[in-house]
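Encoded as structure tokens, the structure appears first; notes follow it.
The letters A, B and C name the chains in turn, as written, and every chain counts its residues from 1.
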């Protein structure tokens, strides 16, 4: 390990164990400033979210109100949201979590293969995957409806998981592949020499060192499924399996809109999801690949 | 039935069977090749089963007179290139093309630059950085219909908080007609789309940064590569695969953006925010001329393909290096 | 397992591998399609005369209280015609037709379908709906508007229990304080609106969005002034455009009207940012809840001697062609029940609607005096599709584009419609 290092934008914050003490302390001193900056940036970016919160507390459900704070906060919106949307929230969580699992299980091996195995047809495969991302969602949903109708997958959580995975798998392959291009083939070969099969080498070496990309893809698979409206609308018919994105239409009629209840639902529903995201994000750590090379 | 079975995660299982056996009978290269292919099979089946039909359908539909009636009678007469001629000769088409270009370019440039800066900022960890970074994803948790409603309220010309703030700060004298003037609406829509795209870019680029081995920086530092030099000599080249896939997907996703524009302006005012995707949607689902809608979405796909080919060529160079 | 076979093929040679992938690509959709066979809800019922235990219903009442009210009414009707259960699906309004098309292409249409009145002719035109005359239903005694909307090629395809339209809502207290009377002519509308524009309060608010709602709100001035959807380039239409333009140019209506939906317009009215608005009776529950003191008058006329004409709104119940005679007959009974005198009265009171049976009008006016203004208007209301039928959507697009071109200063009223594609 080199010990003579200069503090640079990129290296000073690295969480490596053997760090000169001076640098660590400097980092600690600068930390709170960065935290403050980050909070300001976050506040700016999340202002529209605050605005939703604000609207959700307006008594009249008036979406175009201009007051900075709700003058007479009313919890009516939240009362209806809690009463009506609990079940929908559970469905959304189930569908989104299921999508994460299916996406990772199917996409990760493929991404690895496309990154490391020297198939001749890789460019064609990538092109096919890219094309799949170009098709408008509604076209896919329409095709799936016909298939689901016959296969009995309408109105089911697995049905929605499959549909949402369809969206997330190509995305996952592309993202994870671009990360796995950086996995040094030598470490897998070393394991193979030790007698590990391809699959075992993949599971015990590639997966752990690709943790960052797996988590990132998982996050987006979750978010795609969570915010999906088209599949939820198309692939449910009986009102039994209703994710939140569809559930908020309890407050959005053809002519009338109760925005405070809509916003309250959106705010409430995002709480369990954001907890999951915070927890998952913690596992994106620096230098995962580097650690394994040693 | 085969289609459902291949979608199940369990179908990865066959891959585990032959692989160890292949190792024992050393020299069996065929089985080695086979097990390599099996890594790809589940995903390939899933993609073909789920996308094969829609892709083909989208192409054939664009050459048919595919209207409301077709759904009930199944009849869709072949009309050659008529649909393409119709959509391209539409008075709004050229405007939609220009808007699509401006919308995509503006969105991608804004999202990527801001996302990258934020990723670099978060790359040094500091107290609460994990939690704060995760909170940046919050906009993605809110249904788009909710997000666009909030933005519509914020960008309201007379009483919206954005104009009130800008006026109070003295940045503008008269309220900005964000969503009501044909000259400003496209910019407003781009701004909202940048807002929505930042978390995507930030999260992916951040993970990419985290994956660059420390050793590279340490070695680089020995050679005097620090600060911006370290960025250009170490970070950028190592991040390139991630950068290119983020840009590629960004372009594909931005080209087909619908919800935000529909939620904010519905393509108005006076067609100022019409894009090819919006035109396609309106032809298909408002006017129910699905053949024309498909023609437009195929035009979009061809545009995306141009970018895809550029990406793949750049990518092949990377792999060969 | 096909997977094994294919993978063995894959290993053999590169060329065969490609062939296999191609074959797989071609097969996958087919195997998806081959799995299920025909069986759809519609055809499983059996012969005519067999008992029908359940009916599938599709509508767009997703929000409360309408969702429950319609559900209760459907269930009550189901019981009264001897159908055990109603399988009801409600989807968001803008996605209803999309849903209908999906179900049509997979032959799983509902037994009873609710349609917004301007959509009926377009859907009927495809052959998806059964003429109600086949089941002995007629629209005798109904107001002419709803009948025109539901009639294509001389056949009746839907029965609409309640109707609505749009009119001028005004804040009684605000007008009184300003000494302004509710307008009866366009000139009065302009002067009143100007006088009522004070501080953050605009005199008038309407909707001119780039969608069918924007077109629908333009119809009162257009039709009242003698303009017609078959001749959008007429001076009468240009005058109506001029009225919208004047109201905005005067500063009496916000420039934001090009981006305000009817619900936004109502929000402005409730928030006291508009003294008058063009809107429909479905807003009344929200207005009452916000304790707004309001009155309603018909849309004003341009010159003396004109009569105010407003567009017909409201939804009808139809019977799709599911192919199962017994079920379709039961479905028609359900449609009939949803349109019984009692249910028309009940639905009207619940949903801010007016019964479409003319015989019920006087009883309704006496029971719900607040709706008297709308009751008369609905009697006169004109169906959007009355003249153009399935061609209405194209014209509506021209109308809203023309309105937007005028209000954003891109075209003069005289040639806006031509520029919009008329």
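Just so we're on the same page, a contact is a pair of C-beta atoms (placed from the backbone, for glycine too) under 8 Å apart; a residue touches a chain by one contact, two chains touch by 3 or more.
The model shown is predicted, which means the values in this text are computed figures rather than measured ones.
Each chain gets a centre from its C-alpha atoms; the one nearest the centre of all protein C-alpha atoms is B.
Centroid distances built from C-alpha atoms place A farthest away from chain C. Inter-chain centre distance (chain A to chain B, centres taken as mean C-alpha positions): 14 Å. Averaged C-alpha coordinates put the centre of chain A at 37 Å from the centre of chain C.
Taking each chain's centre as the mean of its C-alpha atoms, chain B lies 34 Å from chain C.
For chain B, residues that reach two or more other chains under the stated contact definition are 3, 37, 44, 53, 152, 156, 159, 285. Multi-chain contact residues of chain C, defined as those touching 2 or more other chains: 29, 32, 35, 98, 105. Residue positions 63-65, 138, 142-143, 147, 151, 252 of chain A are each in touch with at least two other chains. Chain contact summary for the complex, chain C toward chain A: residues 14, 18, 29, 32-33, 35-37, 40, 60-64, 66-67, 87-93, 95, 98-99, 102, 105-106, 108, 116, 262-264, 267-268, 270-271, 280, 282-283, 285-286, 289-290.
Interface residues of chain A, counted against chain B in their complex, comprise 1-2, 4-16, 27, 30-32, 34-35, 37-39, 41-42, 45-49, 51-52, 55, 63-66, 68, 101-102, 105-107, 109-110, 112-114, 117, 119, 122-123, 125-136, 138-140, 142-144, 147, 151, 153, 162, 165-166, 169-171, 173-175, 177-179, 181-182, 195, 197-200, 202, 212-213, 215-216, 219-220, 223, 226-227, 229, 244-245, 248, 252, 259, 262-263, 266, 269-270, 273-274, 277-278, 280-282, 284-290, 293. Of all the residues in chain A, the ones that touch chain C in their complex are 60-65, 120-121, 138, 142-143, 145-147, 149-152, 233-234, 237-239, 246, 249-258.
Those residues of chain C lying in contact with chain B across their complex are 2-4, 7-8, 10-11, 21, 24-26, 28-29, 31-32, 35, 97-98, 101, 104-105, 122-123, 125-128, 200, 209-211, 254-256, 258-259, 273, 321, 393-394, 397, 401, 404-405, 407-408, 410, 421. Across the complex, chain A is touched by residues 3-4, 7, 9, 12, 15-16, 19-20, 22-23, 32, 35-37, 39-40, 42-44, 46-47, 50-51, 53-55, 57-58, 118, 120-147, 149-154, 156, 159-161, 164, 195, 198, 200, 203-204, 206-208, 210-219, 221-222, 225-228, 230-231, 234-235, 238, 241-242, 244-245, 248-249, 252-253, 255-256, 258-259, 277, 280-281, 284-285, 294, 297, 300-301, 304-305, 308-309, 311-312, 315-316, 318-319 of chain B.
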